[in-house]
Structures are given as structure tokens and as C-alpha cells.
Amino acid sequence: MSAILLIVIPLLAAFLSILVKKYSANILLVVSFASVVLLNYIPLEVITIGGFAAPYGINLILDQYSLIALYAVNVLFFLVVAINCAKFKKLSSILLVALAGLNGMILTGDLFNLFVFMEVSGIAAYLMTTTNQKPLATFNYLVQGTVGSSLYLLGLILLYAMFGTLNMQDMAFQISSSGYHIAVTAFPFLLMFIGFGVEAKLLPFNSWVQGILGSSNRLTGPMIASVYAAAIGFVLGRLLTELFVFEGTLLLIVTAILGFSIVAGEAMAFGAKKVREILLFSSIAQAALVALVFLSGFTGLAALLLIANTAGKLILFLITNTATDQLGNDDISTLQGLFVNNKVVGVSFTVAVLNVLGLPMFFGFVLKMNILLEFFQTDHLLWPAVILIVSVVEGIYFIRLLLKLWFKESDLPQVEFEFTLKYVVVVVAALLILFGVYTAPVEQAADDLTAIQYIEGGNL
Amino acid sequence: MASIELLLIIALASGFLAYLLGRVNRVYGAIVTIVSSMFVFSSLAYFGFTDSLDTTVSILPYVTFQVTYLGMFFAVMITFIYAMVSFFNPMFIKDYKYPGAYSMLYILSMAGVIGVFFTDNFMVMFFFFEFIVWTSMFLIPLGHSRKAAVSYYAFSAVGSFALLFAIFMMREAAGSFGINAGLAAISGTNAIVVFILLIVSAFAKLGAFPLHTWLPIAHGNAPHPFSPVLSGALVKLGAFVAVMALIKITPNSYVIVALDLPLAQYLVAIFAGLSIVFGTLMAIRQDDAKKLLAYSSMSHGGYILLAFSLGSSIGLSGGFYHIVTHALATGAAFLAIAAVGRQTGTTKMSELGGVIQKMPVTYVVYLIAIISMAGIPPMGGFISKWLIFQAVIDKGLILLAAAVFFGSIGSFLYVFRPLAALFLGQEKPQFKGILKEAPVIMLIPMIVLSGMNLVTGIFPNIFLQFINKVIVELGMAPVVLGTYTIQGTNGILDPLQITIAFGIGVVIAFIIFILLKKSKQVGLMDTYTAGNFIYSEELMHYSVDFYAPIERLYEKHTTHVQDMYKSLENKVKEFGNVVKYFFFTNKPEITVFWILIIIGALLWGDLL
Amino acid sequence: MMNSTNNALEVITLVESKYNVVKTEHISKYQVAFEVIREDIHSMLNFLKNSGWKQLSYLSAIDWPEEDKMELVYIVFNWDKGVHIQIRSKIDRENPEMDSILPIFPGCKYYEREAHEFFGIVFHGNPDSMKQLILEGWDDIPPLRKDFDPRAYSEAHFPQREYTETFIELNQQESKQEKRAARQAHIDEVRKGGKK
Amino acid sequence: MMLSMLYGVGIAFFGFVLHTSVAGINRKISGRLQKRYGPKWYQEFLDIFKLLSKRATSHGWIFDFGVIMALGGIIATAMFIPVTNNFLAFPDFDNFFIFAYLIAVGMLGMAMSASGSGNPLASIGVMRALTTMLAYDIPYMVVIVTIIKLTGTSSISGLALYQQAAGNNWFIVALPLGAIVAVLALMAGLGKKPFETYIAPAEIASGPLVEYGGKQLGMLFIMMEITHFIEVSLFVNLFLGGAENIFIFLVKYFAVYTALSLISNVYARFKIDQVVLFFYKWPLLIAIVQGFIAIYLGWVI
Amino acid sequence: MKSTKFSELSQEQVDRKWWEIGDFFRRNSLWMLMYCTGCCAIELPPAMTSAYDMERLGMGPMATPRQADILLVSGYLSLKTLRRLIYTYEQMSEPKYVVGLGSCTINGGIYHDSHAVINQLDQYVPVDVYVAGCMPNTEAVMNGFVDLMDAIKHKTANGWKKYRDNYDWYRQNQIASLGEVEVHDEFHE
């Protein structure tokens, strides 16, 4: 068993599904489930492809970190697909390509290879978003995604010119041992960061988000906001901890971007009138928060926070988009009273929201406390203050939303939630509560990820 | 021996049990709340006062317990209010949209109370603190208004997060989350910051000026039985935080020599005084009886804060005793109003009148409650206010004394208004014949609370002796108590004597009354009307704009604080819109433009 | 106010030029009276209101049993010129009816009610005009009609004190007796409603 | 205990007799000032006993109960009054705050009973009375706080003894600004002319008392006489150094009450918001200035 | 001589004694509700102020019928006023007295033939003292009050008892003249 299967199987299945269109949905379902199962049997190792050793050949790194990332992405992917495969049969092969791309992004240890996988998954995403029936938004996404990739590539070219390597660890080693002034690498790093920023929804580079998520359907909403966000987040986390060296003005700029992203995201969500807008703006803030935590070096917590957020977002977008599909629009006034007759779904939604807010009894609370604790222990008093202040704003609009959805006297919206969806959201919500109460494994995992982050060969 | 952990688990479990039974029949769930809260209260009180609470933890992770007199004081009092109010639940449960959830959240929030007050760990305390916030937050919208829950959450969140920040700062100083260690370890500039944060938290929870706007909205719109819990019990969490800040932390601030009071404490006292005055003025002009009581809670919260901020043991005991008496009085008053609200369907004074004709017991309960609330002997409120006056005068704080007396006299005004407009006066025709006294199950807690109001007024030493233990625990000298007397700084008080004198006075008056000729009974409508024949009750009932002459003097200045928060909210929205305008367009070139700007910033800063 | 005599004269010329005035009476320099036909009243009041007579000072009636007419009197006042204008119009006595001037002067509401109560005039268009205002529970013909006999009413309704001895001594002078008899005869005549 | 209670009842009765006589004499004095003959000096007794002898009307149990509570509360308050240094029922327990708040029981009883009559004019009267109380009590209390802070005791007899021990340095002299405020507040408390908005017979038909007649009114009159006794004797004790013997007390009492009556004779009535504005403008300012200079600067004459 | 002087008094006698004591207080403290219906009211200011000083007799004006002892009807009574007067009279607490000023209350005076003014007050409420004159001068008014005091002393001021005992008769008269006594009017509904 090798990690490469995670990339190869979906790719092959994608071709297969083009050939047997009739069973494409089944193939998709089976493959996505298989890759989750497969993860249990793959040993942690570094795989060299094509027989060339690390700095020269391409290698895939499967360490603790990427394993967790793969679990998160594959499970989320499977859940989204399981709910949607019947309806979006035509997209099966694209989804399989996307899965291959996402797995590849997480696994690869080569910066150029990363670019390739990013493009693969990006193209899959562009194709997926055509189902939103908003061509202009898709076009925007396409243009911006391409600009982002180009910037990444540009930065990479500069680095390659300087250090002559494309391998992540090798590059990092070269940079630390070369003795170059920090300013030299700052420019390419910034380019790469911006390139990733486009995909990771960091603030000034993410104008596509409103168009894509604001009109997303049941597939694209959870897929972009949850699965893609998880994958990109993990990759960005790896880059931030492993490769990028941010100091001086660059650090200032990056933290300013992230801080601004957090504050502005919450402020925009505060003023939003549509449910999906609220969710997408809050996910902008959360993405920036995750990046900030990665940047501060609390890798384990950041990874868990990413999982918690994306799991929460999965529930929120699934429920919202199902309701929106059936009701026609997503104004709060249209959706008001949604949960009066759908209590199970409502409770799950509530749990997801309270989890995002970080209220006790939920997974988010544990993570939030630990993150704040870490910040305090490293004497960063500004960030906890910012996080807590925006939490108040976040709380206000989410609670307002929740109450609207729970309370209405008459003229209730009629929405049918099918069994699979209910099952999925309940399970995820139950997990969020479970890890909120039973905190030992969470903290253990966070410690593990921070301490023994990479397996031998992957570690520097 | 009773394990606190066991109690906590029983409370949590009975919460879920209440939900399940509530699914079967909503009344069963409500009955579970009675049984559970009575059980928790009685075991806490019994084992607590016999010093046999067990703090060992065997099941729950991370949770550790300690028993302090301070925590026990709060926990017993708050669970008592919970237990009393729970008797109202079966009668109201049918009105709620989500009855099972109501019963569950009611018990869960009570379980949170146990957790907050018996832990020795800040993190656990904060956990339960927030736990109470979100459980109670979902209880409020079961009443009238959804917005109420939002503003409740917003201010609670401000309070909680300020507390959290302070907790982390103390943890940094002490190296652990231990409450005692943390409070002891903090010093220097950090102490000032922590002090401010804790005070902000206390103000937000107590609803003190200027963090009070949630209070009338939440109390006024919560379900009728939950308003007394909010006002009598949960608001007192703020007092708990205030004790930590004002007594246990001594920030190194400038001491005002003339007042013999540190500046920090004095500033808190000033804000407390503002709360008293503002709460009083606002309570005077409310039409909804529940909102009126909510503003009175704000005013009384000011008393409590003021008493704590004076830093003398008599002030401290006054503050603690005021917590007790106000909880009992406001609980009874809210319950009485809740009973009226249930029987008539409204709590607006302009729509009610003459309720006493059909609900005399409720009236008497309310009367006793307001006598206590206004600080008139022989009820508990007098004793606590007397202690606070002693402390204020002892420091010679003229301005604060003016505020305190303003609140005290002003409370006559606002508590009298429901009495006159709602209970007394003409019986409204729409309630004639259909209005009945509240059911017995609702009268039980009201009568018990009234009895407690009397006991706190006649035999305060029972309570003050326990409060003395709390004060000693906090490191202050106890208040000198006789068998029946209380020794203040400038006088002695003998509540029993006053009560006996009052009794004798009433007996004399009664004898005079009974000896004289019997009066002729006439109806309420047979009153002096300057000779006009008036048949409609509305015209003969004075209840709208009751204090119009005095309201006129300040009515233009009542919304400044709300306006401030409203404009803050608008600022946030505007900021969001500005960001949206600049970054979220349908034009990708804008994004490219921003990228260039950022790169330019980098190049301009470092490389060029 | 400088030349208010002229004002009054101006009013006379103004009104006479526009309306068919039956009779004009220049009472004083501040008072003018016009007698018009009842169909003109509304338009005339409207016209006067627009010309500055904004205040309806009074509205009442006079009973003329001899002529078998009921005379309505409207008094309007101009605050700028200081001139009162009376507008009089005679209507049928047996069945007195008039259209309300409520749309022109809303303040006429109570005057019309009073006129209805005391003279029995029906004002069409005033919704309250039939309600009682001053006389509570009146059960006789309207009391200010001249054929109403107040003494008879008083004797019928209110018990009179009966004196066992006479306290009043009337003046028995001849001349006064005659005058008294004449006055009594006139009174009796009027009370009979002018019908001999 | 029971003995001092009886003693206290005696003081209340003494207060009733004393004030009723003094008020009657003052009516006579007012009459003479207005070039009238004036009523008999015992006219007030006649009025009260006449009322007690009449057959009253009652508007329900709360109407009667409120009256009993009012009279009972006031009798209880009067029991604590120290008349002279030796003529007092509860030495050491005559705390100022007992008077300030126990007197409110009586007020509350009366207000409750008045509102229970169902007459809106009564509620309006109560509203005006409470508003006036809110106006005059704050400056008065500030002055009292100053005195208590200076002397360190809040016992009324203790305060009187303090002034006597200081060589009859009465607070009316020692704290002249505070004394002005106290006089104004006392006038408002007694319902004397510029501040008697809540009675206002021509406007609201004597306000809270509108529905009373017969024995209830008689009992309220007794209550009012005792209330006035309490307020005036508090002033005597607080500002005029109390009394060593009963004769001095009578002189001081009579002087204070007569002076106030004479002042009130030449005034018309304020509107209710004028009362509030008046008291929150000058008396409150003066009281705070007095407190400030007396406590923090120590300027006591 | 037996020493059981007190026990000999029957309950009735005791009541009478108490009543006499009460009468002493009542006649020395007469509070008036002034129903200033007509022109005779102009005689009251001199009666109250320094010229005649009513207060020396213990008399004074009161604001409401509940507190008053005397209902002072000063002048003519229109039908409309009479209804209010009866209502007010019934609100007064017993014992209560009525004093009628001027000839209008006696026989209608100059309004004897008016359709709107009643002629004889004592047909509707019992009058204890009449003061004749149109209008009576102030001495006569004062004298009327002194007469009332005498009447109270001699237990002849029993109008309120008469009203109670002959209520039906009074009521009948009231209805005969007024139709309905307690009318509805649109301004107080």
C-alpha cells in the first residue's frame, strides 16, 4: 500500500467513469469511500516517485500532518459526495479529478508538483462551479485563480533561480543554510503567499468568494467552503510552518493582511442580509484566523481548528443550500422559521454555529481556549484581544441568525431534508459535541502534531 | 457527605431526562425541573451548612472542586431562586414553542451554577460561565422577543470575554488556572488591566451603567418564569466577579486621601452610583412592569457594586446581604407579575387595573416584595440598605450618598407604580368575571419568598453570621453582631425591636379602627368625580404616564447609551460595507490592483 | 383697523355685488347683517371664509311664529378687519331643515347641536346633530320656540311651594295694572304661537 | 422591652397631643395675621374627633388596611423619637435611618389605601407626593450625612447630646448652609405652602385624601399630626441641639413650627416640576457644598 | 343610694350619650362643600375672610363630598345641576346637612317659571336650614350657620335621617322632575 494510490486511483477512476457513464456516480461513491478506507492501511512514509531521490525527484510525504489532512479532506469529500452524487452525475469524473488533485496537493513534497495539483483541483473547481448557473462568477473565479497560480509560479521561479531546487525540504534547508539576507526571499515568498491567498480566501484576493459561495448549490457550497478550504488550509499551513520565513516588513504585511481579513470578514458578515453571505464572510474570517494560528507556529491547534471549522461549515452550507435550492433564495426572511418543523436539522445547525462561536460543550471551545492559551504563553496579547472582540461580533450575527431560523409563528417555509443529509449532519454535529466534552484526544492530537510533526525524512 | 460532582452530574442528567419526559408530556418535563432544582438546592443547603460537601472528582475530566463560603453563598442563594421559580414552570410550559428544550435548558443552566461556584479552576469556572450564558440565551427567546436574546448574548459575551482575557493574564502570572493562585499572583500594571477587565465583566453581567441596555430587553421579554431567575439569580454572577476584582485584587492605584479609598475603587463606585441613578430614572418611566423591575435590578446592581467597592467589612456585608434581599424581593416581585401576566395575558400597566380584587394573595406577595425592595422596615431590604448607608457615610462620600439616597427614594416611586396602576385602582371591565387567583402551585413559591423577605428583615443575623464567615474568608474583619442587633459604624440596629414596634403600632391603629363606627361599603366606581356621572373604568384609572411631571424633566436624555451602541453597530456594518465595496466587486482587475498595492508596500518598505 | 368704517362698507359692496341679498343692515361700523336666501348661505360662508372671515362666532336661530318662519343666524368674524358679519336666512318653521356647514366651519358642530336641541332644526350632514347636548332627557317641544310655555312646563314638572299665607302684596296702582295687563296679554299671545 | 414599648406609645401619644395643639395655635396665629379672629386653639382636636364620630364610606379591604398600616407605621416611628435627653424610649436605637425609612411605611400605607379607593385624583396626589419626596429628601439626606460623618453617630439623641456637649454649638449655626437646606426640606416635608402640590384642593380635590371621610380620614389626620411631630422634633434634635428638659423642647418645637407656618403664609404654590427643579438646583448644590467644606475642608463654625 | 350608677344606663342611653358627645364635635367643626350654583356664592368670600371669619366657628371649605359635613347650595339649581347635586349628596358621609341659600332654593325665586330651574330644593334633598333673600346678606348667611349649630345641638337637624327613611319619596320626586337622575353623557364615557 502506498500513498500514491490516493492520487492514482481517483485519476484512473475518472477516466473509467468517462467510459462507463452509466455507473459514474457509483464509481465516484466507491472511490471516495475507498480512499477513506485506504488511509487506514497506508504506512507513514516518504515516497519517491520515479526512483529519483528527494531533491532531484518528486516525492510524496505522508506524515502525521498530511495523514490528518487527508483524513479530513477525504472524509469531508465523501460526505459531500454521498449526499450529492445522485443529483450531479455528470460531474462524477470532475469530482474524481478534484479528489486526486486535493490528495496530491496535500501529499506532495515538491513545490512545482504542488502547483500542478493546485491547477488540477482548481480546474475541477471551475468546472464544478458552472453548476451554480452564474457564468460571470465562475469566470471571475477562473481569472483570479489563474492570477493566483501565476503569482505562485512566479515566486517559485524566482526561488528556483536562487536555490536551484524545487523540493520543499531541500529548499527550506538551502534557505536556512545559505545565509541570504531575509529580504531576498521576501519577494518570492510574498508572491507565493498571495497566490495561495487567492485560493485560501484571504481578504484582498478573494473577491471570487462572494460570487461563488453566494450563489452556490448543494455541491459547490460544501465542496468549496469545506473540502477545498480544508485542503488549501492544510497546504498553506505546511508552507507557512515549513518553508516560508516571514520576518520584518513581510511579517508585518502578512499579519496585517490576516488581521484585516479577520476583522473585515466578521464586519461584513455582521452587515449581511443573506444566510449564505453570512456564512461565506464568516468563513473568510476563519480562514484568516487559521492562517494566523499557523503563522504563529501552533500547527497542531491550527490543523484541528481547520478541521473543526470546515466540519462546521459543511453542516451549515449543506443545510442552507438545501433549503435555498428548495425555496429559491436565501434571504433571512425567506428562511425564517426553517427549523420549526425540522428540529433534527436545526439542532445540528445550532451545534455547528455554537461550535464556530466556541461556546462550551463544543469542539470549538476547546480549540479556542487552547489557541488563546498558546498566544498568552508566547506573550502575544494583541491577537487574543482581536479574536475575542471579533468573537462578540460573530456571536451577535450568528445568534441573530439562529433565532430567526428557529422562531416564526406562521407561514413556515416548507423544506424537505432527505435522510442521508440528516444522517450526515447529525453525525458530524455529534462528533463536534463529543470532542467538546471529551477533550483528552484533542489535546493529545494537538500536542502530537506540534511536537512530532514530520516523520523522518520529512522532518528537517 | 455529598459529592459536588455527583450533584452536578445528577443535574446534567436530569436536564436530559427533563427533555425526554418533556417529549412525552410537556408538563412532566416541567415537573422534573421542580424535583431536580429542589433536590439540588436542598442538598447544597443541607450539606453545605453542615460543612460536608465532598470535593473529590472521579468521573468528570479536568474538573476540580473546592468549597468556599463565598461560592456556597452564591450557589445556595441562586439555586434557591431556581427551585422557587421552578414551581411556575408547569403552569407556563404550555405556552412555549419548545417545551422540552425549556425544561432541559432550565436545569442545565442551574447545573452551570454549581460548576461556577464550586470550582477552584478558572478554566472550569469560565466553562460553566459560558455554559450558563448559552443555555439561558436559548431560554429567553421562548418569551416575547428574539432580539432580547441577541442583546443578552452580546453583552454577556463582552463580559465573558473580558473575564477570559483576565483569566489568561492571571494564568500567565501564576502559571496555573487555580483561582486563588491566579488572583494572588497578579500584580503591577497587569493587576490594573485584570482589574479593569473583571470590572467590565461584572458590569456586563450585573447590567451596570453603561453596559445595561440588555437588561430591560432581556428581563422584559424573557418567559415570565425565567425573568426572576435572570434578575434574582443569574445577574448575581456579576457580583461574584466583582468580589474577585474589588476585594481580591488590589491594583496599585493612587489612594484618594480625603476619601480613604483607592482611585480604582472610587471610579467603580462612581459608575455604580450612575447605575443607581440611571436605573431609577429609567424604571420610573417604564410602562411594562417587567421592564420596570429590570431597571430596578440595574439600580440594585449599582448598590451591590457600590457596597463592594467601598472595601470596608460593613460595606461588604451590606453588599452580600443586599444580594440576598434583592434576589428574594425581585424574585417575589417578578413571580407576582408573572402570575398576573399568566392570568391576564399582559404585564403592561396601562392595560391592567384593579387586579387586587381577584388576586389578593399575589398582591400581598408583591407588596411585601416592594417593601423590601424600597428598603422599608421590617423587610430585608432595609437591613442591607442600612448597612450600605453605614459604609457610604463612614467614607464620607457626599456625591455617592446623594446617588444612594436618590435610588432609595426613587425606588418608592417606581415600585409604587405597578402597585397603583396594576393591582389597585379600577377593575378593568375586560377582566371582570374571568380573572382568578393564581393556582396553588404558583402561590407556594410566592408565599415562601415573602416569608423569606420577612425573615431576612426580622432576623437578619441568621444570614449575617454566614456572611461574616464569607467576609472572614475574604480577609476582612467580621461585622459585630449581637443576639438580635447589628453594630454599624455609627449606630446600632435592632430589627426585631423595630418589627415589634411596628406590630404594636398596627395593633393600636387596628383597635382604634375597630372601635369606631362601621363604614359603609361602596363600589370602586362610586368615587368623587366632581359630580360627573362616569361609567367607564378606563376614565377612572390613572395608569398612563404616571410620573409625567418628573419624566418631562429628563425624557429627552434617556436614549443616549442605546444610541451609542446603535451607532457602534452601524459603524461595524458600515465598515463591512466599505470593505465589501472595495474588495468584493465582479471585476478581477480590482484584485490584481490590490495585489500590486501589497507587493508595492513590501518593495517600498524593505527592498528599495 | 384704521378705516374700519370703510371696511364695513367694502364688505357690503363686495357681498352685494356677488350675491343676491334680500336685505342689508349696516348695524354699526363693526357689524353688518345680510339677509339672504337659504340656498346662498353655503357659498356665501365659503366665500367669506376665503376672504378672511375665518371664525364662526355663533350660530343660532330666532323663532318668528307670526311669520311662520325660523330665522337662522350665522355670525362670522374677521380678525384682521374686526368686522362681524351676520348672515340671516329664513326657513320653514313647521319643518325646519338646513344643510350643515360642517365642511366649511368644523366648529359649528356644537352650535348646530344646540340649535337642534332648542329650536328643533335638523341639520343634514352633521352626524351628531340629533344627540343631546345640554338638555338631558328633554321630552317636550324645543324650549326656545315661542309656542313653548315655560311656566306651564315648570308647573307641570316642578312642585311649587304652597304658602298658607300670602307674603306678596302686589302694587295696586291703576296705571301699573293696565300696563301689566297689556304685557300679560302680549305674552299670552306669543305663547299661543302667534295664532290668534 | 415591653416597658420601653409602652414608653414609646406614650411618646407617640404625647407627640399627637403636642402637635395637634401647636398646629391649632398656629391656625389661630395665621388667622390673626390675616386680620381674622381665628379658630379655637383646640380646633384640630375637634376636627379629628368629629371625623372619628362620623360614619365613613369604605372602598374595600385595602382601603381600610392601608389606613391601619399608615397609622401603625407612624406610631411605630414616633415611638423612637427622643423628646429630651431623658424622655426617650429606646436610647441608642434611635437611629436616623429608622425614622427615614420607617416613616415610609406610613406613607406607603396611605398611598396604597388612597390608590385602593379607585379615584384617579388620589393616585395623582400620591404621584405628586412621591415626586415631591424625591425632590426634597435628597438634599436633606446629604446634609444629614454630613452631620453623621462629622459626629460619628447616627443616633438622634446622640447627635443632640453631641451639640450640647460642644457648648450648645447647634448645627443650625455650625452648618448654616445645611440648615437652610434642612429648613426648606422640612417645609416640603410638612406640606407647607410653596411645596404643597400634592394636596392642592382646588386642582385635584386634596389629592390622596379625596375619598376619605369619617374615621379613615380621622385616623389619617392623627397620622399626619404624628408625622409632623416626628419631622419637627427631628429638626429640633438635629439642628437645635435637642433639649435638656421638656420645657426647652416645647419652646424649640413651638418656635420651629411657628416660624415655618409664618413663612408659608406668604407663599403661593409651586407646580410639581418646579418643586423638583427647585430642589435639584439650589438646595442640592448648597447641601453638597456644605458637605464638601465641612467634611473635606473641616470648615465648621 | 346604690353605687351601680353606670350599669343602670341601657345600651340606648349609652348610645345617646355618645351621640351627644359626637354632636358637640360635629357642631364645632362644620366642613362645607360649597356647591356654588348661583349668585349667592358671592356672599361666601366675606363670610370666610376677615370680615366675618367663618373659621372661628370651626367652619371651613372642603374639597370633596366625602370629607364635608354641610352641602351648601348657593342659589338656583338647573335640572342639570340638580342631578349632580343629588349624586354629590349621596356621596357624603353621614351625618350630613344641607343649607340652602337664597330664595331660588326656597321657591324658585326669580326663576320660578323657568323650564330649566327647579323651584323647591327640599322636594329632592332634605334641607336643614334655609337662608332667605335674593341674595341674603352675609350676616344672614352666618346666622344660618349658627342656626344649624343650634339645630344640631337640639337634635333637629335630621335631614340625613329623613332622606334615609323617606328615600322612596325623595326618589319619586327626583324622577318626576328629572326623569332619569343618573344620566349618561357622551363626554364621560
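In this document, chain identifiers A, B, C, D and E correspond to the written order of the chains, with residue numbering beginning at 1 in each.
Quick note on the criterion: a contact is a pair of C-beta atoms (placed from the backbone, for glycine too) under 8 Å apart; a residue touches a chain by one contact, two chains touch by 3 or more.
Not measured: the values here are computed from a predicted model.
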Remove chain C from the picture; does the complex fall into separate groups, and which? one piece
Strictly by the touch rule at the top, which chains does chain C share as contacts with chain E? none
Can you identify which chains form the pair with the largest number of contacting C-beta pairs? B-D
Suppose every chain is reduced to the average of its Cα atoms; which one is closest to the average of all protein Cα atoms? B
Suppose chain centres are the mean of their C-alpha atoms. Which chain sits farthest from chain B? C
Chain-centre distance (mean CA atoms) for chain A and chain C, in whole Å, is 93
Taking each chain's centre as the mean of its CA atoms, how far is chain B from chain D in angstrom? 35
I'd like the Å distance between the centres of chain A and chain B, where a centre is the mean of that chain's Cα atoms. 44
Tell me, which residues of chain D touch at least two other chains? 53-57, 205, 210-211, 214
Hunt down the residues of chain E that sit against at least two other chains at once, touch-wise. 64-66, 83, 91, 93, 183, 185
So chain A residues touching two or more other chains come to none
Pairs of chains in contact here are A-B, B-D, B-E, C-E, D-E
Touching residues of chain A toward chain B in the complex: what are they? 136-137, 140, 143-144, 147, 151, 183, 186-187, 190-191, 194, 198, 203-211, 248-250, 252-253, 257, 264, 267-272, 281, 340, 354, 359-361, 365, 369, 372-373, 376-377, 379, 381, 384-385, 388-389, 391-393, 395-396, 399-400, 403-404, 406-407, 438-440
Spell out the residues on chain C that touch chain E in their complex, using ranges where they run on. 131-132, 134-137, 139-140, 143, 148, 150-151, 153-155, 157-161
Residues of chain B touching chain E in their complex? 520, 526, 528-529, 531-536, 539
Can you list the residues on chain E that touch chain C in the complex? 79-80, 83, 106-108, 112-120, 123, 173, 176-180, 183, 185-186
Can you name the residues of chain B that touch chain A in the complex? 61-62, 97-98, 123, 127-128, 130-131, 133-134, 137, 141, 146, 149-150, 153-154, 157-158, 161, 164-165, 168-169, 171-172, 569, 572-577, 579-580, 583-588, 590-592, 594-595, 597-599, 601-603, 605-607
